[in-house]
Each structure stands twice: as C-alpha cells, then as structure tokens.
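Here come two complexes built around chain A, the first alongside chain B, the second alongside chain C.
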Partner chain A sequence: MSKAIHISRKEESRAGYLFLSPFFLLFGIFGLLPIIFTFYVSFFKWDLLGTQEWVGLDNYIELVADERFYSSLSNTISIFLLSSAPQLVAALLLALVLNNKKLRFRTFWRSVILFPFITSTVAVAVVFGAMFADNGGMVNWALGFLGVGPVPWHADGLAGQFVIAMMVNWRWTGYNTLIFLAALQAIPAELYEAAEVDGATKLSQFFNITIPQIRPTIFFTVVTSTIGGLQIFAEPYMFSGTGYAGGSDGQFRTMTLFLFDQAFAQLRLGYSSAIAVGLFLIIAIIAGANFLISSKLVKADK
Partner chain B sequence: MKISFSWLKQPSLYGMLIIVALLSLFPFYWMYVIGSSDNSAIATIPPTIVPGNNWPANFAQITEMFNIWTVYRNSFIVAAVTAILQVFTSTLAGFAFAKLRFRGNQALFGVVMVFLMIPLQLGIIPLYLLMSKIGLVDTLAALILPYVVSVFGVFWMRQAMLSNVPSELIDSGAVDGAGFFRIYWSLALPLVRSSAFVLLLFTFLTAWNDFAWPLIITQTPDNFTAQVAVSQLNSANNPSYPSILGGSLLMALPLIAMFIVTAKQFVAGVMDGAVKG
Partner chain C sequence: MKKATKASIASVLLLAMTAVGLSGCSAAPAEEENITLTFGDWGDMGFKELFTEYHNLHPNITIVEKSSEYNKHHEGLLTALASGKGNDINGVEGSWMPYFVQYPDKFLDFGTDKQADYLDWRWNPAVATDGTVLGLPTDVGGMAVAYRTDLFEAAGLPSDPESVSALWANGWDGYLATAKKYTDATGKKFADSTQSVFTGIVAQTPEQYYSASGDYVYETNPSVKAAWKTATDIAPYAGSAAVFSTEWNAAIADGNAAAVLAPAWMLTMIKGIAPKTEGKWNVASVPGGGGNWGGSWVTVSKSSAHPEEAKAFVEWLLAPEQQKTIFLTKGNFPSAVAALNDEAVTSYKDPFYMNAPVGQIYSSAVATLKPAILGPKSASISTSFQNATTTVAQGKKTADEAWADALAEIAKNTK
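Presenting the complex of A and B:
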C-alpha cells in the first residue's frame, strides 16, 4: 500500500512537469525569446534582408537624439491621458448606476455597455474617422449648433489625438464598468449599514467606504490601461490614413507606430529594436511606479 | 446596494442608461447606414441616419478588393484553432498548478505571474525574424503559433481549477489507477467548463480582431484576415466610405452574432475576472 502511494507521488510530479511543458516551451519560444532577442538586435545595424553589423550603442545614441522619439512619446502620452482618466471616471460612475439594487433588465444593460468591446480597433477607427470627418462629418455638424468649429480633426494634432482617445474610451468604458461593478458588489453590506447608523452621508460613504474598498481594482484598471495604452497602434494607424507614418507631420505617430515604421517600412531592425527597448523601459517604469504606489496604499489601509 | 445618489432615482436612471446604450450601439447602426448608402451619404447635411438601398453595389465593390469568403475562412481557422489550442494548454497547465503536487510548483507559478506583466508586442521584430527563419511568413500558422499559449489563460484556468475541482476527487482518481491525463480530461475539465468556455470566447474574439501581427506577417490576399482586409479597404486609393464601413460591418458580423448568443457568459467572464484578478 505505502509503495503504491510512493509510486503515484512520483507519477504525480512527472505529470505536473509534463502538463506545464507545452506552456513553458511555447511561451519561451514565441514570447520570452523574442523579447530577450530584441535587446540583442538593438546593438546591431540589422536590415531585414540579412546584413548584420555590430554597432554597440550607436542605435541608442541615435535614439536619444531623435526628435521623432520624443514627439512619438508625447503623442502616445497625450492620447493615453485623454483616454485613461476620463474613461475610468466614467466607468466608475456607470458602475454606481448599474449597482442600483432596484435596477431592472440588469443583464441587458450590462450586455449593451460591453457591446463595443467586441469591435476590432480597426473597425472603431474606421467608424470614428468617418464620424469625425473634417468636412461634412456629423460631429462637426452637431458642433455647429453650439457655434463651434468646424474642427480639423484629421489635420490638427491635438484634435486628432482626442478622436483617437475617444475610440479607446468608446471601446473600453463598458468593460471597465463591469470590472468596477464586480468590485462594488464584493463590498460587504455591513460597512454601509454601520455608516448609515452613524449618520454618514452618501457622499462621505462613497469616499470613506467605496473608494478604499475598491482601491485594488482601481489600480488594476490603471495598470492594465497603462500597459495597453502605451502600445496603441491600430487606431492611429487607421485614423491617420498614412500608414506607419502617423499623419502628414507625424502628429499621430505613437511609439508603436514609430517602431513599426522603422522595422517594416525603413527595414532598420536594429534601430527599431532600440525603440522597443526604450518603450519597454518606459512601460516598466510606469507600471513599477503604479505597483509601488498601490502596494503602499494597500498597506496603509491595513 | 446602498450607493444610490438622489439624482439617480428611477426616470433619470433609465434615461441615463438609454443614452449610454445609444452611444454604445450607434456606431454599429451607422456602419449599416453608410454601408447601405451611396457615396454622397457620408457628407450630407443633416447627416444620414436611415439605411439606403445601395447594398448590392457596395457589396460588389468590396468583393472586388478581396474575396470575402476567403477572408472569413482564414479568420475563422485562425481564431478557432488558436482558441481551442489555448484552452487546451491553459487548462492543462492550470490543472497542474492547482491540483498536482510537485517540487517547484509555487516558484514556477511565481514566474508565470511575472510573465503576466511583460508587454509581448515589443518582441515583434525577433518574432518576425523567427517566422521568416522557419519559413512561415505569409502563412496562417504564423498567425496561430504565438497565441497557442497565454499567460492570462494559465492564470485564469488555475483559479477555476482551484475553486471548482475538489482535491479528494483527484486522490480517488489516483487510487483507481487512472492516469493523470485521464483525471484531467474526464474529471477536472468538465468541472471548469464554464470558465474554459469564457476563455474560448475571449481568445476567439482577440484572435479575430488582431491587427498588428497579421498586418506584417501576411502578404498575399489569400492569407488576409478580417482586420487586414478592412485596412486594405481603407487605403488611400479607395475613397468610398460605403465600402469601408460596409466591409467593417461584414467583418464584425460573426462576432456580433457570437456576442448576442453568449452575452451572458461574456458579462460573467469579465466580472469574474475582476474579482479573481
């Protein structure tokens, strides 16, 4: 009997490693290795057709002096700020609305707000590009009643970045609403009952109970929207109508567009790898800062 | 719950939700409006908001740019194969992490959690070089391979295994002499089928909507997927909005149908993910 158990333990650990192996093997080859190799390629002058020459830090020296690197960084951050903050605030408000106990047709409302999430970024960019057309677009028509415009959405940098941010907002607000809604539902009702007994107002309950209780969720959504937002690609690619160039003056050129342009239009794989490393570090710094702040706050709560 | 501000009383509550619903749905409707109209509809004052009857001509124009059925077939193959394989590798690894005892289980899962933070898109250049080395540029296989495994999938299925598969079940199975693969397949898998189904839906959706990778790895129209096809319509030499928006709608239709049928699971999936993650 004891022997049988001994054998089964051995088989169990063998099965464990065996069952994990497809994941680790394939993730290693198609996920991890390319990331590591990106660092390696960034030290070469490497064109797509095969010539490779070690150039040390040359790509990085060129990168820190490249005006396009900074403009693409600022375009990316501008789009990111115009999308993430309004989107998360709107999502939280909507989640409060949907959390109303008396609300009817819950599944219907939840489904409808999640609907935009299934659209591809390409289709979103196409539709928004048409709605925000510079001449005769319906948004400019509507703004006309307010005495505004017409706004040159496709020509002006900031206006276009706003449109791109609207695409992100439209697609993701409902998704984040459901994330917040789930977090709201996990708050113990006793907390509110106790506050009610103490005579706390709804507003003070919101700031003293709701926000601290869902703080981990807020940071989760901030981190995920940061990592996603800094890699934005399809929306500016489609909206600009100029492919990798990101607009006539590069006004919609994001970091990822810049990376793709150098890699697959200019065929400079070494230089574009240096861009990837730069973006990697920026994401790591921002995600790391988020992580530090959130773990500090969570500790402070306890 | 207790949070209900006074201004959120009944009429304004539903009024607000109806406005949000209209904002959510309008772009889809408008794709249909423009997709069924002629070229002038895009720039009329006031804007066109009722469908036209120009579908046949627009449809013909779309089919001139690419073969719709080939594109559907490619996207379906890529999305379905990716989803099935990813669910398989994720449930298998999730089962091992959640239910099997072996040295290094905790440590390896810690490594997986670190993987979760890596922006994989940044490895796209070496990934392209790798595909070109093994001769897979411009093949559907190149669209599938990088997505056969997913860090999130493993994380998700491990959670599902932990909360749905009792450990006694594993032990009783082991005493029976059933192989561990059979325990996974016939005992554990049926218990996590709802989570596995959600992963299947999300992976299918993500693969169908993927753009950057198919854009660079496919070259001939025979291998175009849905999003690459739409981006071709949107190129500078096609100023016809009806075909662009109509094409976008056609390429979104399978997902719209899928969502209507599985909306409940989709919503539950997003909300479960929030609590677990």
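Presenting the complex of A and C:
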C-alpha cells in the first residue's frame, strides 16, 4: 500500500515534465521551428516557388540601410503610443465605473463593453474608412460646421495614424476593461473600509490601495498591448486602401505591413525574413525591458 | 468477422455489377465516382451560376467555391503550390500570371487543343518557355470611358456619347482639358483617381516596364513618362483616393467622380458600388486608342487528385458559349473569339448605362489591341507609380519629387 503511494522525487519530476510536454511539443512544432526556419531563410534570396540562392548577410546589410525599415518602425511605435496609452487609461476608468456597486444594470454594461471586440475588424475598418474619408466623409462634414478642416485623413501621416489608433482602441478598450474589472473585484473590501475609518479620500484610496493592488494586472495589460501593438496589421491595411504599401507614401506602413509587402507583393521571402528577425529582436528587447522594470517594481512592493 | 467479409464481398460484387451495367450505356465506369473539385477565386469572378449548371450536366461532379479576398487568394495559392496542396482549380489574376508562368511544373498543361478558340494576346501570357499552357483566359479588359451624363450637363458639357468622345478625339490632352473645364465649372473632381488614369494610359502601349528582351525600361520608356505626365497633370481634377479603396468606392457612389476609365469589368463593378446611379451613366470611347486592363486565367494545379475532370470542367467553363453567358449576365467581356464575334454579344446594349452599345464598343476596342510585354515585377512597378501619382493628388509632393521617390522604391523592390 505504502509502496503505491510513495513516489520518488525523480519519478515525480519525470511526471511533471510529462505533463508539461504537450505544450513544449506544440510550441516546438508551431513556434520554434518556424522561427528557426525564418532565420535560415533570411540568408537567401528566394521567391517561394523558385530555388533558394545563398546571399549571406546581404539581406541584413540591405535592411539596416533601408529607410523604410526605420519609417515603418516609427509608424508602428507612433500608432502603438496613440493607441495603448489612452486605451489603458480609459479601460481602467471604465472598470472603476463598472465596479461601482451603485451602478444599475451592471451585467448589461459589462456585456455591452465587449461588443466592439467581437465585431469583425474588416467591418470596423470599412465604417471608419467611410467616416474619415478625405472628401465627403462624415467627420470632415461635421468639422466643417466648426470651421475646421477638411483634415486630409488618408494623406497626412499623423492624422491617419490617429484614426488607425482609434480603430485599435475601439476594439481593445472593452477587453482590457474586463481584465481590470476582474483585478478590482479581487481587492479585499477591508482595505477600503480601514481607509475609510482612517479618513482617507477616494482619490488617495485609488492611488494608495487600488493601483498597488492591481499592479501585476497593469503590467500584464501593458505587456500584451505592447506585443499586440508592435504587430499591428489589419487596421492600417484596411484603412490606407493601398494594400501592403501602407498609404500612398508608406505613411501608414507598419513593420508587419512592410514584412508582408516584401513577402507577398515583391516576392522577396529572404528579405522579408530578415525584417521578421528584426521585428523579433525589437519585441524581445522591449519585452525584456518590461520584465526587468516589472520585476524591480514587484520587489519594491515586498 | 466472417459476416463482415461476406457482406463486403457482396457489396463489392453489387458495385461491380452496377458499374458493368451502366458502362453499357455511358462512357466509362469511372464517371460514376462522385468527385468534388475545389475552385479558389477572389470576390465574384462571375462563375457561381455556372458551377451549378455544370453539376446539373454532370451530377457526379460538384464544384465547391473557395472565395477569399484578392491578396489572400493569391498568397494562399502561392503557399499551396509551394507545399503541393490546395484547391484543384484556381483563378489567377492577370498581374500574377507573369510570375506563375515561370514555374510551369506546378500546373497542369492544357495543351494547344483550344488555342484557336481564344484571342492570341490573351492566350500567350500563360504559355511558359517550355511550352506548357498554364491555364485558359477568362475575360478581356478592353477600355472605354464611363461618364455621368447628369454631371456633365450640370457642368455645361455635352452628354451624348458621340459629342463626349469628340471632346477627347485628339487624345489625352483633350481628356485633360475636359477635366479642367469640369472642375472649373463645378468645383468637383472629374476623374475617379490619378491611379486609374496612369494604369489606363500605360495599358495602351505594348512596351511598358520591360523591353522585349526582358530588361527594365520603366525609367527611360517615353510612354511611361507620358502616362506619368498626364496622370500628374490631371491631379487637381482627379480623386486622391487609391483605386478600389473604400473612399474610391464612395466617390463613385456619391457623384464625386464624373468620368471613370472603364474596362468592361469596371462597368460591372460600378453597378455593384453605385446601384442607385442606374440610368445616369453612359459610355464613350477612350482617348489614345485600344488597351487592355485586367483579365484573368483559370488554372489546374499539378497536385489535383482529379486533373482530367478539372481540366474538362475548365474547358467547359471558359468555352465560347459560357463566356457569352457570363458577358450577358455579368458584363465580363469574352476572350473567346467565337463569343466576342457572336451577334448576341456585339449587339448587346446595357440598360444600366442608358442602353449604351457596350457589346459593339468593347469588341471594336479589343480588335485593335497589341499584346503588352509583361514581367514578374510589372504589377509591383505599376503599384509604386500609381501610389506616387496619389501623393501628387494629395498635395504631399510635386510631380518631380514623386517620380524620383517612385524610382527609388522600385529599385529596392526589384532587387
């Protein structure tokens, strides 16, 4: 009997690895292998159906000299900042409202807030594209009454990036709201009650209780929206109306659009792979920085 | 176990008996096998009803359409060919054919049996250097100008097709002068987009971005420069949206474009975009002579499990009789000679376009065409130039700056 229950340390760890293995197996096949293959392809000139021609580091030499790489990086970061920052602030404020016990029809509001998330990106882009048309668009028509504009939404880089960021926010704010809401609900009510007794204001409760309590969640949303933001694709693709070119002058060309353009419009799979490696390194650096900062702050909490 | 074996022997015998019995009256026992053929295309190529019709004629064959967005479809085809999988049958748009034709071993050879049925210049681009015929041609994109009679009248311009054609009888200079007159009178844009003007003019010359020997000549070719000049000169009177974009669609639906350069398929597209404008459009001749914009092929992949059935279906689908049906019901103009000379086609008048004699307009436009020299990068080069004309229309750049930037972009993309 006791023999059956007793499991050696070795056996235990073996079982642990066994339970973990499905993930690593799937990750290996669908995650790691493609990444290794991308590295490999980046040393070739290849149009997919033809033969691969070894070019050494040529693709990387070309990449560091290609201003489109830097402009697509700055477009990506610009759209990311225009979207993630206001989005997370808005999501937190909305979560506070939804968490308020005096709010009526709470379940209804909590469901409704996720509607934009389940709407197809294509449909959203068509509506935004029509509303923000340079000529004859609804927004320019409304701005006309205020004596402003017309704003060249599709021509101007910043104006268009603002619209693209709005589409991203439209889609993701509700999602982040629910994540914040879950974190808010996990904060013990005693903390607030004790603060009330001590005479703390609502504002100081927010900064001294709420924010520190949901700090891990804030980091989670920052990390996920960073990774998502750096890979933004569908919104600029649909909004620009110029396919992978990302605007008449590449003003909306993000890094993933640039990657797709070189892969499927120019059929330069090797160069496109070099771009992918570049994007991979940039995301790795930013994720690493995120990790360092967050682990320091979590330590500081303790 | 024994029972099962007995039953399966019985069913095999039964099948064999039916097959023998049927083979007495029909061609081959293999015909009774139920076959599903997958057909990959983008948007609406106009074939849907014909898939059903073929199934009615051949009940054992079912065509399943796999439709996706234009880019998605061609990328899917590309990766499917690379991995030896994918649909049995695929549409290939004209601008992709010069690339695919380099890899004939990925496609089923149609042979030259049907060559005489089609226009030479539509047949040849799908013939590889080793003689493999990759696919059969669908429609042709011979050009005309679709224009809004009501908007022309409001601007004090003539509105009947003969007088409108006469406005640009002297070529693109006449088109440009008309555009200026229209915008001066109304304050609105005349042409739909600088991009379509550029594409249309380039399409009128046989030598575009490649020379006959396959060298790049886009930088020095006078006909590309001429197209560039007209497309950028017309910028103040043309829409600044990219062709086929959401905003371009809206401009056509809302009367923010008075004239659209129109291959036959564009007339179909306008009907879809702006159904409420029925009866307001007419069709005039195109300035500068004949040209082709667009047109596709239908191919069968080497990896298909039913290559013979797929080939037979494609041959039926694009036979003159079916191309005639497609034109009369959808508007895509035939590339099959017997269809485009057919009385029903040449005499066809389109009620959406004030009964314009579109059959006659496009058959005469197609008759004078010279084949264009295309290469694998033709579409990419064209896109760069087109987007550059848009930067001029948007007021972001002067024509000279845009030209220089386009050349720099093309140099990188053609490396």
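Basically, the second predicted complex is superposed on the first by the 274 of 302 C-alpha atoms of A that agree within 3 Å, B and C clash if a C-alpha of one lies under 4 Å from a C-alpha of the other, contacts with A are read in each partner's own complex, and residues count from 1 in each chain.
Please note the rule applied: a residue touches a chain if its C-beta (ideal position, glycine included) is under 8 Å from a C-beta of that chain, and two chains touch if they have at least 3 such contacts.
Just so we're clear, the structure is a prediction, and the values are computed from it rather than from any experiment.
According to the stated criteria, A:Gly241 is in contact with first (chain B), second (chain C), both, or neither; which is it?
Touch partners of A:Gly241: chain B and chain C.
Kindly classify A:Glu196 by the partners it touches after superposition: chain B alone (first), chain C alone (second), both, or neither?
First partner only, chain B.
So, does A:Val126 touch the first partner chain B, the second partner chain C, both, or neither?
both
Going by the contact rule set out at the top, does A:Ala265 touch chain B (first), chain C (second), both, or neither?
second
So in the superposed three-chain picture, is A:Arg215 touching just chain B, just chain C, both, or none of them (first/second/both/neither)?
The answer is neither, since A:Arg215 touches no partner chain.
Report for A:Asp66: first if it touches chain B alone, second if chain C alone, otherwise both or neither.
A:Asp66: touches chain C, not chain B.
Applying the touch criterion given at the start, work out whether A:Ser111 contacts chain B, chain C, both or neither, answering first, second, both or neither.
After superposing on A, A:Ser111 lies in contact with chain B but is clear of chain C.
Examine A:Gly136 and indicate which partner it touches, taking first as chain B and second as chain C; both and neither are also allowed.
Both chain B and chain C are touched by A:Gly136.
In the overlay, work out which of chain B or chain C sits against more residues of chain A.
When the residues of chain A touched by each partner are counted, B comes out ahead.
So which positions on chain A get touched by both chain B and chain C?
126, 130, 133, 135-137, 238, 241, 264
Can you list the residues on chain B that touch chain A in the complex?
My answer: residues 1-6, 8, 10, 13, 16-17, 20-21, 23-25, 27-28, 30-31, 34, 42-47, 89-90, 92-93, 95-97, 100-103, 105, 108, 115, 117-130, 145-146, 148-149, 151, 154, 174-175, 179-181, 184, 205, 208-209, 211-212, 216, 226-227, 230-231, 234, 236, 241, 244-245, 248-249, 251-252, 255-256, 258-259, 263-264, 266-267, 270-275, 277.
Which residues of chain A touch chain C in their complex?
Its residues touching chain C are 47-50, 62, 66, 68, 125-126, 129-130, 133-137, 152, 154-155, 238, 240-245, 247-249, 262, 264-268, 271.
What residues on chain C touch chain A, complex-wise?
Residues in contact with chain A: 71, 74-75, 78-79, 81-82, 99-100, 102-103, 106, 189, 239-242, 244-248, 250-251, 254, 256, 376, 380, 383-384, 387-388, 390-391, 394-397, 405, 412-413, 415.
Would you pull the chain A residues touching chain B in the complex into a rising list?
Interface residues on chain A, with respect to chain B: 8-9, 11-17, 19-20, 22-24, 26-27, 29-35, 37-38, 41, 94, 96-103, 107, 109-116, 118-124, 126-128, 130-131, 133, 135-138, 141, 170, 174-175, 178-187, 189, 192-193, 196, 202, 205-206, 210, 217, 220, 227, 230-231, 233-234, 237-238, 241, 256, 259-260, 263-264, 269, 272-273, 276-277, 279-280, 283, 287.
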